[in-house]
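Chain IDs A, B, C, D, E, F, G and H follow the sequence of writing; residue 1 opens each chain.
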């Protein structure tokens, strides 16, 4: 089961990162967004091609006020 | 250098550089602003304008579908550069990964590096911080590390290639100002890169003192964002940084144990 | 009032009055300037302009046939008001007589009252000072006494009808800043007339702190006149006073023993 | 004297007098004890013994039929001298009358003179204090005035014939220690009579510092009486006063901005 | 713990342990003595006796055929334990090797670990220090590291198995005392092993304050050895450490902004 | 009416200070006691002879823990 | 002999303050000048009429940088 | 050439550490002495057996006042 931002999700193995972003209402042009899967950066250029494995842990991050 | 006990006494008069230069980027403002803790984006926007800051920090957090993008819009409208931080990271690994994600998200290789070693004080973890800095410098980042006030660690961070060092005055958000001015002046002597006071600033005089001690800039977050009147405090900090920067360059008078008459007795009348 | 050990913590947010008002005279500038110790009248003139000061002190001394009048000309051109002082007087009698002569000479009933009790420190003599103040108030003067940092004496001077009180931070020309900020904040609480920090200012942060402690204005003489670059220091002091005045009104954050995150952990990524 | 910013640096090595002498009375102990605020007379008695004090203050109040005499009995058993105070007096007149009544009641012409000028801070009223001191000295009293930390007032009190001066470190019972060490050292230089730190002592290090600054003795009341363990604090204060007295006489090392190796490098092995 | 700005306020009353225990060794004295800088071995011997110290540091240097052995004889006669240091080492490797040689030379597995990062300030190098500490603990040493005043590094050293931590107050031999009392109190809270103030002590009040802040012991070298009268200063330090230790256990009164009458007004006479 | 330690009393005009002390249970040997009448000290030696006038304000004081 | 600003002078008794000012090169319009004789202020209006006595001590003061 | 405490010496290769100590006037019972050769500790027990190689760097250390 794929974990998205710390919570179980209905994302299915084999889906692309881009698809996950759509789940979150984000398109590929979304500014200020970055994605990590299993503790590794997934560059924007790979959002389409990167397929999520079983039990992938996905972090989708963006800017927040801070520091 | 004078064998002085009083850090400011070492504030030898130096030409007040017109601009602050970090990693080749020139800025007119010597005040960095944190974006956290403001009551609203409107107040943040006003405070940025009042502060004159050209470089503001942002954090990276999980996407919140409810409030997306507008922060970056506000910063873009304000015409300021974004400095991502690694707030909340407790290991070199997490900090490095966060920096790389920030590079993806904000298309900048600048990072305010934070590696926290304690939950109560949010003080940095020296060995982990140095490790993360070395790794990020190797990876091409412009690294501005949030460090403690240890002159030796500051020098090692500078030697590792950091673009500036950001020593604390006191813990983040504590408002306790500069607990050890002596160490700040030693850091000023120890490194050639810009020294930016980070953390602990509570009010304007803290910022003025920091500049007099030889800091090249001051970072303020809670001191402005959580003040009763953030916009007014932003104006105060802007003036405070300018005052301290000018005062150091103007060459202060020495401290003396006894008085020195500002009105000479010569020509004093005798009414007896 | 909070039972606080930290004077600034008592700096309750108050609306920043646009103007300083002493004895009914309104001034935009909150920086008083001493004219002694400048390398030349030209530098004095530039420094006055840079400081934005509207009220400057002068002394009364035996006529020197060689250099007559030009000081008053410079001050007239600068458009500033003259505040005569009684520097060098050690008794109430001499101070009162000097004040009356100054009234004759400068056609002003304002006087910065100084009654010195010690040659090494130039500290005021409390009982003589109070006696002279009472006499001059009775004689219709607008009295601004240079006093020590004793809150009780300050209140007695105010009760005697002084238009303001001018407590010291440290001895005249010592540049040691504010030795006892706590007393200054007590003086702020003790009197309703303007409190003007006089003596001891060494650099900009001293002036900023004074304003944050609740002073209505700051007087600077040697700190500017004897700085390596007096004009630049005058600009620094102007900004410093503004910074402290704004900061007090902006309502600073409280001091805390521990940190308060400026970046919340909510939404922190988990990379494990 | 060195033009020093650091009061202690002026603590020139002086032979540590074996005894404290006030108005010709020699005492081995340099700790004066206040009797107010103790939970019981038993604890007071134990604390006196633990402190080694030979001179303790008492107040004069309306006879309370319920608890009469026993205080004096306790002090007699302890073998200490009684120093009456004029606590609660706000005018020279009341203080002088109280001193005369104390002389009647306790058959001593010693008095700790207090003339209070403010209810919140219990700070002394300088002009009234000087007036009362002059009157009591004329009347043959051995006057030990509780004064503020103004060196000029201290000198005037000594010149008026006071047997010692008792400057405050900070307000009575505030426990804020010595707010202005610099003034205490100036008072030490300004008078030839014994200087006894009175008021403000909160803990042992305050007493040690006072002695290092050149005080001849320290008075402690609330710091001991209201401590969680008064008897233990009395022992602490006794040791603290001795430590500071010895340290001043021993001639401390100077303060330096940089380090001085306590282990020389000479003979250092080379393992490369 | 109270959200206090005043480190001493956190000095919660704790039972004053009769003995100091490090790695299972109990000592009555809480004063460690450095042997460097004394004018002669005779004075060293007297100072050790006056200090009551039971643990003194020695360095390891190339054999000097002229003066051999006598130092150890003096220490043996004094009945004190030897604590070898690694003074002069700038790398973990040199410090570890020096510790092993000291174990050979003095038949003790205790070591005061010093890894210096800067020649001017002799401040420790945090990452190298931690590395050396980890290696020596693994090798069975009882490690007492000389560290800066960083609470995070102190905790990491304790977590690594050090038997105590020895934070500095200010640079070795500087005599500047405790530059950041707040950090010392944080270190006290951060570790369970004994905290020994090392470096910076200039006079007795520094030692008293250190104990009040919660230190378990104080190390003094130059402050005693280089005082004008080393033996007298040794006595002063002994009393100072005892005073601070007792005071912390006695539970000091809180600091208050305003006064608290030590003589109640109840029963005050009315002479009007 | 004579005021004793700030309170109205049944002491009558013409009584001596010594008598007043007896009212308070103090004899002339009482240690640590002092008396003021109308803002003036009444020395111990005069306690017998000093007679209280109409409306006299009497203060009888003794040692209390303080300072 | 009349003392002028602390020094013996050739001012003669009977001369006016105005005359003394002329000795110093000051006319009656001189701005920022004040005069004291024997510890008392001599107002500008009295400069003409005020005659100096034997042994008068005259202080003629003006503005100096100070404070 | 063998370096002894940072200086060239006439110690010859093949000599024992114990022999070197004798050069320095130290016997094997010498208290408070430790020896390092080429950056390694030579335990007291090995002083007899340990033979110095060509170009050995020998450090003979003892207690000094410090710290």
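In this section, contacts are C-beta pairs under 8 Å (C-beta built on N, C-alpha and C of every residue); 3 or more make two chains touch, one makes a residue touch a chain.
No experiment lies behind these values; they were computed from the predicted model shown.
Asker: Starting at subunit C, what is the smallest number of hops through touching chains needed to reach subunit G?
Answerer: Counted as steps through touching chains, the separation is 1.
Asker: Need the graph distance between subunit D and subunit G over the touch network, please.
Answerer: Step count on the best path from subunit D to subunit G: 2.
Asker: Name the chain whose C-alpha centroid is farthest from the C-alpha centroid of subunit C.
Answerer: The chain lying farthest from subunit C is H.
Asker: Kindly point out which of E-H, E-F or B-G repeats the C-G interface, defined as over half of the contact pairs being the same residue numbers.
Answerer: Checked against C-G: the matching pair is E-H.
Asker: Centre-to-centre on C-alpha atoms, which chain is most distant from subunit B?
Answerer: Chain centre farthest from subunit B's centre: F.
Asker: Distance-wise, how many Å sit between the C-alpha centres of subunit B and subunit F, to the nearest whole number?
Answerer: 71
Asker: I'd like the Å distance between the centres of subunit C and subunit D, where a centre is the mean of that chain's Cα atoms.
Answerer: Comparing mean C-alpha positions, subunit D is 33 Å from subunit C.
Asker: Round to the nearest whole Å and give the separation of the Cα centres of subunit F and subunit G.
Answerer: It comes to 65 Å between the two C-alpha centres.
Asker: When the C-alpha atoms of subunit B and subunit D are each averaged to a single point, how far apart are the two points in Å?
Answerer: 44
Asker: Could you tell me which residues belong to subunit C and also touch two or more other chains?
Answerer: 5, 34, 36-37, 59-62, 64, 85, 87, 97, 101, 121, 123, 176, 182, 221, 255-258, 262-264, 267, 269, 271 - these are the residues of subunit C that touch more than one other chain.
Asker: Going through subunit F residue by residue, note those that touch at least 2 other chains and give them in order.
Answerer: 5-6, 36, 39, 59, 61, 64-67
Asker: Looking at the complex, which residues from subunit C come into contact with subunit A?
Answerer: 262-264, 267, 269-272
Asker: Which subunit E residues qualify as touching subunit H in the complex?
Answerer: Touching subunit H: residues 34-38, 44, 57-65, 68-69, 71-72, 82, 85, 87, 97, 100-102, 104-106, 112, 114, 221 of subunit E.
Asker: Residue numbers of subunit H touching subunit D in their complex, please.
Answerer: Contact set of subunit H toward subunit D: 5-6, 36, 39, 57, 59, 61, 64-67.
Asker: Please output the residues of subunit B touching subunit C within their complex, sorted ascending.
Answerer: 8, 11, 13, 16, 34, 36-37, 59-62, 64, 85, 87-88, 93-94, 97-98, 101, 120-123, 171-176, 202-205, 207-209, 212, 221-223, 225-230, 232-233, 235-237, 239-240, 242-244, 246-247, 249-269, 271
Asker: Show which residues of subunit C lie in contact with subunit D when the two form their complex.
Answerer: Interface residues on subunit C, with respect to subunit D: 5, 117-118, 121, 123-127, 130, 148, 150-153, 155-156, 170, 176, 179-180, 182-183, 186, 190.
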